[in-house]
Amino acid sequence: MNAATPSPRKEESAQQRWDRIPVLKTGDDYLASLRGRGTRLFLFGELIDEPADHPIIKPSINALRASYDLAIDDPELATAWSPLINDRVNRFLHIVESPDDLVMKNRMQRRMGQITGTCFQRCTGLDTISVLHSITYEIDEKHGTHYHQRYLDFLKEAQRKNILIAAGMTDPKGDRSKRPAEQSDPDMFMRVTRRTDKGIYVKGVKAHMTGGWNQHWICVMPTMNLTEADRDYAVVGMIPGDAEGITYIYGRQSCDTRAMEGGEIDQGNAQYGGQEVLVYFDDVFIPHEHVLMDGEYEFAQDMVARFTAYHRASYVCKTGLGDVLVGAAASIAEYNGLEKVSHIRDKLVEMVHLNETIYSSGIASSHEAKKMPSGIYMNDAMLSNVCKHNVTRFPYEISRLAQDLAGGIMVTMPSEQDLENEEAGEIIRRFLKGREDIPTEDRMRILRLIENMTLGRNAVGYLTESMHGAGSPQAQRIQILRGMEVDKKKWHARKLAGIRQEA
Amino acid sequence: MNAATPSPRKEESAQQRWDRIPVLKTGDDYLASLRGRGTRLFLFGELIDEPADHPIIKPSINALRASYDLAIDDPELATAWSPLINDRVNRFLHIVESPDDLVMKNRMQRRMGQITGTCFQRCTGLDTISVLHSITYEIDEKHGTHYHQRYLDFLKEAQRKNILIAAGMTDPKGDRSKRPAEQSDPDMFMRVTRRTDKGIYVKGVKAHMTGGWNQHWICVMPTMNLTEADRDYAVVGMIPGDAEGITYIYGRQSCDTRAMEGGEIDQGNAQYGGQEVLVYFDDVFIPHEHVLMDGEYEFAQDMVARFTAYHRASYVCKTGLGDVLVGAAASIAEYNGLEKVSHIRDKLVEMVHLNETIYSSGIASSHEAKKMPSGIYMNDAMLSNVCKHNVTRFPYEISRLAQDLAGGIMVTMPSEQDLENEEAGEIIRRFLKGREDIPTEDRMRILRLIENMTLGRNAVGYLTESMHGAGSPQAQRIQILRGMEVDKKKWHARKLAGIRQEA
Amino acid sequence: MNAATPSPRKEESAQQRWDRIPVLKTGDDYLASLRGRGTRLFLFGELIDEPADHPIIKPSINALRASYDLAIDDPELATAWSPLINDRVNRFLHIVESPDDLVMKNRMQRRMGQITGTCFQRCTGLDTISVLHSITYEIDEKHGTHYHQRYLDFLKEAQRKNILIAAGMTDPKGDRSKRPAEQSDPDMFMRVTRRTDKGIYVKGVKAHMTGGWNQHWICVMPTMNLTEADRDYAVVGMIPGDAEGITYIYGRQSCDTRAMEGGEIDQGNAQYGGQEVLVYFDDVFIPHEHVLMDGEYEFAQDMVARFTAYHRASYVCKTGLGDVLVGAAASIAEYNGLEKVSHIRDKLVEMVHLNETIYSSGIASSHEAKKMPSGIYMNDAMLSNVCKHNVTRFPYEISRLAQDLAGGIMVTMPSEQDLENEEAGEIIRRFLKGREDIPTEDRMRILRLIENMTLGRNAVGYLTESMHGAGSPQAQRIQILRGMEVDKKKWHARKLAGIRQEA
Amino acid sequence: MNAATPSPRKEESAQQRWDRIPVLKTGDDYLASLRGRGTRLFLFGELIDEPADHPIIKPSINALRASYDLAIDDPELATAWSPLINDRVNRFLHIVESPDDLVMKNRMQRRMGQITGTCFQRCTGLDTISVLHSITYEIDEKHGTHYHQRYLDFLKEAQRKNILIAAGMTDPKGDRSKRPAEQSDPDMFMRVTRRTDKGIYVKGVKAHMTGGWNQHWICVMPTMNLTEADRDYAVVGMIPGDAEGITYIYGRQSCDTRAMEGGEIDQGNAQYGGQEVLVYFDDVFIPHEHVLMDGEYEFAQDMVARFTAYHRASYVCKTGLGDVLVGAAASIAEYNGLEKVSHIRDKLVEMVHLNETIYSSGIASSHEAKKMPSGIYMNDAMLSNVCKHNVTRFPYEISRLAQDLAGGIMVTMPSEQDLENEEAGEIIRRFLKGREDIPTEDRMRILRLIENMTLGRNAVGYLTESMHGAGSPQAQRIQILRGMEVDKKKWHARKLAGIRQEA
């Protein structure tokens, strides 16, 4: 990590990089595309040979894979016609051409949440390409650059090959009272370290990258507004996940190692999980064709603001998880023979009410989208922030209610291995029975699913990432403050109060 | 009130009734149209000669009048092109032809809320004509009746003359464990008492009719699902507000008599207020042309359900009131010199967040509207219920926060007459001053406005009617329970938990 | 109000002032003692001849009177043995000698709340004499003054005569960014204007004085911490309510004028109400014997902090009002024949739970009281602040639930005069009936009581004063921040996290 | 498990059973006492040889051990003088002789929570011996039995030897619509299967026994009210943890296996944890001296009600955990350099406010304790239920706020093994740094502690057991409904509303 003597990197062209990736049609194609990439990924202190086959990583890949499967199973929902390549494309790669496109995206996100019960990691990529449409356009308008065409070229290829793009946004930030260029460690924010004929080199770390290893490309971009002094930090570029110089360190999650225990009951949701990685870019090369900003620092703020306008509405995905949790809570009530009890029904209603409130603020934000100069539509920012702000609250209450309906047994239940043991299993099957006609194991499975979503692996996505993803609560409050048009509101109040004021 | 000897009523034709009402263009036309109608209205135990000029009633008329003024001031927002009469009509009389029409309606409702700071009483009428479009159509389809044409004829005339329609829905209900036909008092629900060649006679009471006296027509309709035995209670009809046999009794509101004290400061909002009346129909005649249901009891349930689908989303009007309250709270903070203080800004942000959450569920419900067989669009029922359910909660919290920002002086401040008194006024002006450059009187005016909306006359509309209008909270919970698709949710949960089930 | 030429005042001695007040035993004695005092009180812009008989003021006097009646009806609860005069005294005049005394006080406060359903205005006086016990003692310790003996002398006479003391604390404050001595208007905080052989003169205003006119003495005292420059503002003194130079201006309340309408139903609670007055002291004389602080500015902060420690726990009185509101809500449910319905019972339970949570933090604060150097006990400050902070929230939610149970009829019901009218009354009695065996009037009475406590006159006490009395919410948060012992908490956390730190 | 041929059991006398246990003085004594007991415990499908040394079980033993250590470190807090044996005893074995004893118990519970940050498992035992004091006394009064003396004899020995008692209360319940004697499986509730000269045999399962393996004795008792038909289910007895016929199955917890990974950082709280076990009693013998109820079914209901009165107030222990979480949240804010930021301080204040609200309802319940006929004091049941009900809500909100302050890194952070790896560790240490002077590892440790308490192992105790321990929320609501004295409340309301009623 000595910045003075840069590692010699192969200066691949854009074409060379694309050539490594085949056209992907099915979920199996996608899975195959992840293998043999020769990436460097640390998990539990070891470099993992073939991450795609690691039991802890596999569920997170499955979640992304579901987006390929859904496009085949329900093309109306999960694909769209792209005028860019005159073909149907996965909706996660589609440029939104209308408010309806955004609403369809939200419906697809909710469905993906229902199917996977976890963070399926594909929204950040979509929201990144969405924001780059208008930002590259506007940089070109001002600076006479050609980013927008580069962007369109990249996107066409992405659509043709049907690949995945991860967003690399969050820098470590170091001393939060200092700007990027003022940090004692110049790499605390990602920056351009060199520029050559063929491209640029970037260095830095992107923290909690959602699905960071599972995707084919990483789009690195600034995490906050920048000043002229931060010019080298104003960089946006597309990097293949297997580029030289990248090191991944896997983020661990609550109950992650249950995936390595052999069974499946105790995982709660054995098939699907989320993924967050810390990614170190040690002088990674980007050919010019894949550079979409280099130095235009004044666009960083807008880029972030627009990204959050899109991305905070993307959190309607959590209503899909909410649907699963409501279904799990209703199931355990049914398995206990209590689903007609009024206080239990009332709690289910409350869960649904909160869940639909989130959904409504998300789709309202999409329905109210406005067209940008580049032609793309963008979510209404106020409602998008309101959606996300509700997401920082209601999933916690929905979880609390799910735990209420689950009963204490959710956290005192013996392990799956005990259930498999002849003697212990007999005791468990006999005494942990609820309703006569429901196998004890089914009851345990539902309880483990609720545990998974409220304490375990997918609680990470349903709770903590609901809190902090796309910006922590205070970030939304600042946006709401900015957008609240308090002067108009004061005017109406004063008018009604009979206070003289200018019209 | 002796049911045995019915009063002899003039059996007016539909035409005769319409002839009494001129074409209304302006707010002044509207005001004029209310005078000299010879209605019987009780207020404080007395029959009021000319209600339109009574200081307590006037503000409620002003609120409706604002809907005429807005149509002139902002025709894009408050009018629409009606293919029925090939002309622009007030949007409150427009049949919604698309989701966009519903969204525009919501925007107009919010604006009306901002302008009046109160319940402007015109939504129930619009939502009534909306539901009758599809219901009359479907009755005709089933029974070969001709209600839909009657309905369209009425509506054309209503649009041409630009009149107001009040909804008469809520019956007193008496013993809630009994159905209408089982009540010991047969008039506890409105019913048809006689049928003649020319029309029918109805008898009963409609409780808390919003703006009941202020409008030209009253549409009476059932309040709940009915059975075959309740056939005579299955009646929908249009009745002019000045029809023979109607008695109005005015509902009193918190602080209503401040309007009679002479000043205007202490009213908080001197210009605008709401109105609820109890209306007794003592064998009131309806000509056949204005009968839109008579005996088709099986449609009562759908009628109510669809009405609430429209009407519960109409409660986005409260976000207009919320805007006023946010503006008032921000004003008092400014007048106290405290508007930059972080906890104060944070409370304003919270108020806005809650307010916009309501708005988003309302417009989401409109954006997601679906077309009915009759061609009209109807709000998404789940989201409409979610909207209203939030309205039963958030305005209370917004009010609490407004009171927090107002300070205790809001409820300990001397009266306007004290301010007018030379000696007392001097003390008040000197010592109740906040920021140097703000007149004490302005500060008092804003405080009285907050009092008006959180305790006083318009708290009735902003709080209690937010709770109960369009159905009490439990009514929404029942609808949410019915619409929650719990089986689908269970299916997803069980799939993820690995429980065997049918696809 | 020209400060330059002070009005000539009679410099009465302490004895002369006491001589005007007889020994009071009964509620009637108390009532008589208020008449003929010759005070100057403005109400609705007029000087009121005999305030004690004014229909708006009377209910507030009744509430205080109940404290005399309760002492006779339940002496164990409402009196205590005072070693100062070797006799039983009203508990509102008793110096707390143990935590149990504080708990008994809380129980009496709750009972008074149940009896009156309003703010009975006597707690501020008790909490004032409580804090003066320790403060005068400690000033004497430091400065060799003799305030404590003066205090004890005053208190003995107060106990013997069984009189009432109002607290005059809140100054208008003017420009909140400036200290008292920095204000452009030097009277924005109460201050000593002159000192003579016999005593001192004070000038200023005390805002929202609870029961300010209804009591025999007013204790004026500083409202915030003071610096050396504010020395003249550091004044505590006892002033009779009828002293020369005092002008009262009555604070108006929501629905106050219903008391002047003749009936009693529409008042909701016709007998009891609260009172807040703005009091102007225009060079009012205080003889030395009644001066308890003059210039010892450094004790102002402690005085305020201790006052709030006592007073914020006094807000358990609101649980008495909460009991009434629960009872009213349960009654209307019963009158509607719905009291066994599960969601209604559940709402009652929630109201009780919140109410008892307030109660528990109040009495916990009292049970955990600690002895002061002067011998008196003081509430635990953290728990007292926690109690009051809950009071700024839960009564609003309890009110919301009460309105939910009341139904919309609470705010659309005709007036009492309509009920009295023969024709209108017949319609109302017939159609506003709930359960067959309950008179319509009783149903209306309960609804008016709920209106009274959630929107009307006593909502002022139950809601807005719950918010701001004894300090607004932010004031409690500051105290909680100061008392939270965050370093201890950090120590425990770091220990468990295995972080090296000093023991 | 064939009920027909009971296993031949050694019919040990009470003395024999006591003789196996030495006098325990120190934590080390306690630890030693658990070893070599020959119990049968399943964990992950295997019988564990020496559970006391198992890395997953060890932390739960440490938590109990802390109760021995505290008695030595702070005897005033954690011991009391027992007149039964005329010696100081651990307060967890002390019969409460006054409200103060209960308050001291609550303080000790909070301290234990601060020390361990988890459920220390000793409250159920104390609350069990507390309730048996009065119940055995009252059975004897009615039936002339001698349970109370047996109870005292047991307790003396327990105090002398300073041992631990676990509570075995919750039966599996099977079909919840049927009573114990009606179940298709007669062992679904614990019952007496045989009675011999020397004692009785019991059979059944006790679910989620807190610290069930870690204690020396188990007190089995009924879990709900019983009828005459359930006579054999009305059994209370003391059984040593190593009695013949007992099988333990260990309850698994979120992140439990992190204890087996070798490090300590990722455990968050490596030293302390909770324990819940499922315990099967297969015809276990109890000598008569240790039978404290056998057939007196009518006392089951009171027994449960009194147990919950004690135990629901014991949940003040969670305020100790709350203190740790506040400290952890404040630490991470400090480590990020953000602790003076106003919204962050505000969130800490909110956490403290909620935590102290819980504490206040708990100690209020203790302060308000009443004496029982047997001489013991019992918590006020209403306030105890209120305390527990707040515990089912506030820890969830405190956790949500802690996660807000922690930031997303809490759930995306690499593992401890990655930190240990040279290459990965260097990246982590460099880039996950917050404030310059705080080691990255310390920051990670605090984050892992917050994860531990909000998602991980001790979230089980802080959240889900807060929800369900001592009865689920609905159980408290039923008690609050029963104790709410609604008639008194109605009486007050009607009096104020002017409704005629009997005094």
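Going by the order they are written in, the chains are A, B, C and D; count residues from 1 in each one.
One rule holds for everything that comes next: a residue touches a chain if its C-beta (ideal position, glycine included) is under 8 Å from a C-beta of that chain, and two chains touch if they have at least 3 such contacts.
Quick caveat: nothing in here was measured; it's all calculated off a predicted structure.
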Based on which chains touch which, give the shortest step count from subunit B to subunit D. 1
Out of A-C and A-D, which chain pair has the most contact pairs? A-D
What chain is the most remote from subunit B, judged by the mean position of CA atoms in each chain? D
Separation of subunit A from subunit B, taking each centre as the mean of its C-alpha atoms, in whole Å: 42
Where the CA atoms of subunit A average out and where those of subunit C average out, how many Å apart are those spots? 54
Centroid from C-alpha atoms only, then distance subunit A to subunit D, rounded to Å. What do you get? 39
Residues of subunit C that contact two or more other chains, please. 343, 346, 477
List of subunit B residues in touch with subunit D within their complex: 342-343, 346
If we count contacts the way the header does, which residues on subunit A are in touch with subunit D in the complex? 1, 42-46, 172, 174-177, 184-185, 188, 205, 207-208, 247, 249-255, 257-258, 261, 266, 276-278, 280, 336-338, 343, 392-393, 396-397, 399-400, 403-404, 406-415, 417-421, 423-424, 426-428, 430-436, 451, 455-456, 459-460, 463-465, 467-469, 472-474, 477
So, in the complex, the side of subunit A touching subunit B is made of residues 103, 114-117, 264-265, 268-272, 323-328, 330-331, 334, 345-346, 348-349, 352-353, 356-357, 359-361, 363-365, 367-368, 382-383, 386-387, 389-390, 442, 445-446, 448-449, 477, 480-481, 484, 486, 488-494, 496-499
